[in-house]
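Residue numbering begins at 1 within each chain, and the chains themselves are lettered A, B, C and D in the order written.
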Amino acid sequence: MRYSKQYLLRRVGLLLLIIWSAATFNFIIPRITPRNPLREKLLQEASRSGYIPIGFDEMVAAYETKFGLDLPIWRQYINYLGDMARLDLGFSIASYPKTVWQVILEGLPWTIGLLAVTTIIAFALGTLLGALMAWQNSGPFVRYVMPSILIFGAIPAYVIALSLVYFFAFRLKILPTGGGYGISTIPALSIPFILEILKHSILPALALVLARTGGWALGMRGMMVTVEGEDYMTFAEAKGVKDWRLFYKYGVRNALLPQVTGLALALSFVVSGAVLVELVMGYPGLGTKLAQAVTQLDYFVIQGIVFVIILTLAIAMLVIDLLYPLLDPRISYEGG
Amino acid sequence: MSELLLELKNVTKQFKGGTVALDNISFSIDADEPSIIAIAGESGSGKTTLGLMAMGFLTASTGSVLYRGNDLAEMSGSDHKEFRKEVQAVFQDPFAVYNPFYKVDHIMEVPIANFKMASSKKEAREMMEQALISVGLRPEETLGRFPHQLSGGQRQRIALGRALLLRPKLLIADEPVSMVDASLRATILEAMDKLNKEFGITVLYITHDLTTAYHVSDYILILYKGSIMEAGDIESIIRNPQHPYTQLLIGSIPWPDLDRVWGEDIAIIDIEEDTSEESRVGCKFAGRCPHVMDKCKVAPPPLYWPDDNNRVASCYLFDDKPVLPGDDVGTLFRSKKVAVSR
Amino acid sequence: MQRIIIALRYIRRNVSLAIGLGILIFLILFAVIGSFLVDTKVDPYPLAGPASVAPTLSYCPRTDPECAQVEPVAYPFGTDGQGRDLFAVAVVGTWMTIRIGLLAGMIGLAIGTVLGFTSAYYGGVYDAFIQWTVDVLLTVPGLLILIIIASTIAGLENGKTLTINQMGLVIALLAWMGPTRTIRSQVLSMRERPYVMMARLNGMSSLGIIFREMIPNLLPYLGAGLVGSVTGAIFASMGLAALGLGPLREPTLGVTIYWVINQNAFLRGLWWWAAVPIVIVALIFIMLFLISMGLDEVANPRVRRAR
Amino acid sequence: MQEQKKLNRRDFLRLSGIASAGVLAAACGATAPAEAPAAGGAAAPAAAPAAAVEAPAASGALKEVAREKSLILMFGGQPGQFEDTGLGNPYATGATHQIGSAALWEPLFFYSAYGEGEIPWLATGYEYNEDFTELTISIRDGVEWSDGTPFTAKDVVFTLNMLKDGAPLLSRSQATAAAVASATAVDDLTVQIVMNGPRPRYMFNQLMSKFDTGIYLVPEHIYAGKTPDEIVSFEYYDPEKNWPLSTGPYKIVAWNTTQKFIDRRDDWWAVKTGFMGELPAIERIVIAPRADDSIMTQRIINNEVDSILDLRATTIAATVSQNPAIITHTGRELPYGYMDWWPSSMWFNHDAEHFSDKNVRWAISYAIDRQQLIDVALEGSGMVASLPFPEYPPLLPYYEAAKPLLEKYNTNEYNLDKVAERMTASGYEKDADGFWAKDGSRVLAPFGGWSVFNDIGPIVAEQLRKAGFEADYTTPADHGTRMSDGSYGLWLNGHGGTIRDPFTTLDFYTGKYYAPIGEPTAQSSRYNNPEYDAILEEMATTPSDQPKYMDLFLSALEIWLDDLVDAPIQQWMHRIPMNTTYWSDWPTADNSYVNGSFWHLTFPLMLHRMKPTQG
């Protein structure tokens, strides 16, 4: 056992603290504004319908009772915490009677699919690139030309996506302009359907990979430089260890640890999606859902999505922290 | 008796983690009789802590530090400024004491300005040059340079020069030569000696190196785990150590004598430290002491006079000898004027 | 003087810093010189020129058969579908975008520096509280919070959307956690440095030590922190604008991209409408990226070996 | 970004539909609520079967239908996603008929504003008594629900009573609750309705399907016994049970968040009874959610899609030019669209500072160069509006009669001199920045709009600035609230309403909609003029074929124009691209049998008419 009881308790306590404070934050934000989201939404819908019924205020009151918004604030807060503890996110205002969970689950698979794949590709590519860039025996091409690819890492992914759409979809017309899959395609577990999904995800994926590879490459380069300065490298070199072996066994392997933990962290961000890229590409993921909720003032969905993201992140961080000592023998959480 | 410059009264310093760095130390300095006092001990003995407390950078957990009779912790602004000026220090790392952002001049300009020592820029400049010359540096080769442009020896001498500039009553020199090339040590020690002799500055020379301590100091105080083991006249202690710990230390000095074998005299060094509860209440050295007795583990021994009035040793081997009246070992460091009460 | 020469010499060796600063100077010159060439109060807004003109140096109206008799007008970057002169948009938008970034970045950095210093200095409950707040806020994806805030406070008064400055302030709300963390750890380590002790021996006050001894040495970190928070702030402002939560009338680059998407510039073949903001945005981000790489080399000399 | 604009485009479409419900209710002098808000259903939330809707039909279950027999449309939802997935019950909160479901719902009558007018469908005729207090409807014999149950007068009566009892929770319920005293089935084929007083417009407004208005008829044997709370949360979609039932020749076979498949049903009553000779040619309707304009147009250009949500003035030309098979209402020429019933105006809050002054309102109107809006923002694809209702054929006589008034009160005039004249007349002066101000209070004129106004909005703002009003165009997410609670001083919006006679639209401005700032109201001009109200009250009970009606109209209009209650700007155009690669007989100007919005309740008229061009 590499963890002491106190450490585990403290760490889980921190997790709960973070989740609690995030949930509280989530609770407070809509309430510090003078506008009541429910009334807002009802008004908006009612005024769109061209007609505000005479009994509108009674109706708002009825809904407030139903959603518990007429209770004193502390009672609301306690109810809210109870709901969150049971992972009950309530109902969507805009698509009632759907629950917030239904809304989230509609978008989640798309986002996870796109983001998980691109994160891993960007990680693999960036790490390799970064290692090669730092390696003194790499050719001039790698050491001087490759870094220019890093430049893409500086540009927001959705701007890259916009440019890609223009060139590949509008000018060259070789890839679809967006969407998840063809309109009249019947979703099925078949090769053509999977191919179609892949075809539709090339551009958003490319944008994300281009935008994110740079970061990984930079991180890896930094670590490799540090590792190259270590005595065991010099020693191994002096021993006459072959170059590629030195690169891989001594260099990359030792530099990889922070990268891998970084990957774990990045993967936990997968849920939060890439709102803007999804929007630009019309991709039916969670980011799109969130943007919709924002434009529709569907606070319950916004809060639900934010809460789920925080939950995922906090748990992922806990898992990473606990995995750390398993990955790196130098770290231990025993004792105080 | 004149007013004491600095006085540590039964000072104990315990750090957050529970480590006791100093354990009930009493020690005073009377600047009227400038001397060089070495504080020696291995790392972790509390010698640096002692220095930091004397500089007022650490506050005592129990006990008090007095400057001219006033408690440092409660001192007013103007008194504190006076204290700052009169108690100065030189540190181990001759690079790190310089803020890399500034030229070396900064280290002298700031105190001149802060203590309002000069009325004009010109005067300040002259003071700086004078101080540098005093420590054997040429001002034109040092002033206006950045720290990384000078050698370690030069930097350390500037630090000494700076101390000199302030004309302090007390200089705390914390391992001033340990990071300087061996060939340059002499010049620095010389400069230190000069501060003492020519300018009447008392120097607390904190070191782990008994050779240089012997070389420059008049007195020595040997610490082990925060407690005083032996203190007094340097000649008596180095030539004829009485405390088993001092004997151990002296025995491990590599003397330039080919016939001697290192560590020959060292009877036992019990590497296995005794960390049991009782060892904390008794003599600190009991766990490693070849002469350990039962009573060593019950209470720490007082400071006995083992032979003459030149030194005291904290060891029950001398429990038939008289005890130092009061706890203040500082009294030993004043021209041997303490009457031995037999 | 000597310092400047040293700095210049250093920059010659630090290629990314040099290129980054080069781009920065270019952008500043572009915005400054450009502002003399255009009417910044009129040209970057709708109806300043004819709509949908491709980049040209001598525009003549389609309705005019005798172009030669008309004073030719230059639209070097073309105009957009609503008649904004895109050259003016570029001039004004570049400056506005950088301004939002600087405003938010500097406020964020200032707050972060103060909190980082105080939290490292005072420690205890205060430090724990700050640390905890930072941890929690770093867990929540920033853009989400910004979206919520911007969409709730946007235009509470008079139906106006956020102004440039308000937007900067909103973004600044989330730009301080990173700097707080960095500065705190730097101060913690710096507090124990011998030169700080030396300064105390020199009779310096705590404030004096912070400002004269510590801050100068934190400069590379503060610089890198500023670049980082400016980057983050511009990124956030672009994101908010792209979601339609920005100041719709102001020709910031983010808002311009919003209009590009909203008014289907690609479909209508008005490629220059999109190209102008995208190229400048790319330049700004590349500049910030290179500068931060360069500063990284300054603060962290080990990386230098890789070159 | 796109979605906001699109959201609002859809909202506006919904608005036009829903608005009429309220509007028409108002026409009957009623003040009951018209549409339950979307958050509706105080029903117990417990029943909300989660994943059922998400699962697409198993691949084996869905038959293959050839592309040339499928009609593929993009419409509805949010970009890339439907929000109403699995809501087969048209009265569920959040449900909409617009996303293809209109193919399932058949009304008593269709009304085609662009074609032959009233078309009897599930009914064969209707009759009012002399004073318009009783209505008798004859139901067609032989109509069946898709489960074989006969459709009878009882279903109609049940629906009417359900609405009456379900007001205000159920959508479209208020008008019926306000108008209908009782509804009874005299026999299986006769419905007898007793009104709460004279209601000459109830039959047309509620029981005829046109645009987005008209009630949905539901099967009594499914809905009986449900409380209104249960109805708003009743999902009613289950392919196993063939839910939702329909009388139309289509059924929903698969529905997920990105697709809706509606297949032809071959046992349609109308073929059996001989009402229609044959089934529609379209075997499958596939609907995908709308997307970014660029994505949608690309797909119709590639012939992947047959028709899509209407486009902007600025994108329709680009779309048409890239594929010769794509036509619009006006073929392949400007203005590429047909006039909607939703002319747009600059609206004023008559209780707000500055805008309560009619000189300021007129000055704003004079400051707007409407032709420039059409030329620049709409690239020529638009029409200026001079009155707040569309120039539909039944309304042209009223336009004709209003001509002298419009010469006196020219709502389309752009004249900066008159701006200055009007403003100075009211004591305004330009301040140091060149903006109009009185007593140190500048006329702040930030105005909001649904983001469908993003093309003209920014340009209107610049025009106003040029004339000295500090204007700013915004599209806040709570635009609806700001309109209704009076936080705006002015804003852009349209008027859905009048189709056959001008009463409905003019009634928007009566005092019954007045509410002080801070309190919500649906028709939010906050105009309150007893003289005007009196005329409108008389119009309400006067059938439009009486000569007195025209006089009442003109006197009301003169008051309206003198006060310039709002400033008309443009007629709204629906610019729908229609792809002729697979299907012909789209509704166009040359083949004008109905308006071309396939999301309207008149969708079945298109389905029965359209012919395949291949195979």
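A few remarks follow.
As a convention for this text, a contact is a pair of C-beta atoms (placed from the backbone, for glycine too) under 8 Å apart; a residue touches a chain by one contact, two chains touch by 3 or more.
Keep in mind it's a predicted model, so treat the numbers as computed, not measured.
No other two chains have as many C-beta pairs in contact as A-D.
Distance between chain B and chain D, defined via averaged C-alpha coordinates, is recorded as 92 Å. A separation of 58 Å divides the Cα centre of chain A from that of chain B.
Note: centroid distance chain B to chain C, computed from Cα atoms, is 54 Å. A straight line joining the Cα centres of chain A and chain C is 24 Å long. Contacts with at least two other chains are made by residues 151, 242-244, 261, 266-267 of chain C. Among the residues of chain B, none is found touching two or more other chains. Contacts with at least two other chains are made by residues 35, 165, 170, 276, 279-280, 291, 294-295, 297 of chain A. Annotation, chain-chain contacts: A-C, A-D, B-C, C-D (touch as defined at the top). Within the complex formed with chain C, the chain A residues making contact are 14, 17-18, 21-22, 25, 29-30, 33-35, 133-134, 150-151, 153-156, 158-159, 162-163, 165-166, 170, 218, 221-222, 224-226, 228-229, 269, 272, 275-276, 279-280, 290-291, 294-295, 297, 302, 305-306, 309-310, 313-314, 317. Listed in rising order, the residues of chain A touching chain D in the complex are 35, 38, 40-56, 59, 62-63, 66, 91, 93-99, 101-102, 105-107, 165, 169-170, 176-184, 186-190, 276, 279-280, 282-284, 288-289, 291-292, 294-297. Contacts from chain C toward chain B in the complex involve residues 193-195, 197-204, 212-213, 216-217, 219. Residue ranges on chain C touching chain A, taken from their complex, read 132, 135-136, 139-141, 143-145, 147-149, 151-153, 156, 235, 238-239, 242-244, 257, 260-261, 266-267, 271, 274, 278, 281-282, 285-286, 288-289, 293, 302-303, 305-306. The part of chain C that touches chain D in the complex is made up of residues 45-47, 51, 81-83, 151, 154-155, 158-161, 242-244, 248-249, 258, 261-264, 266-269.
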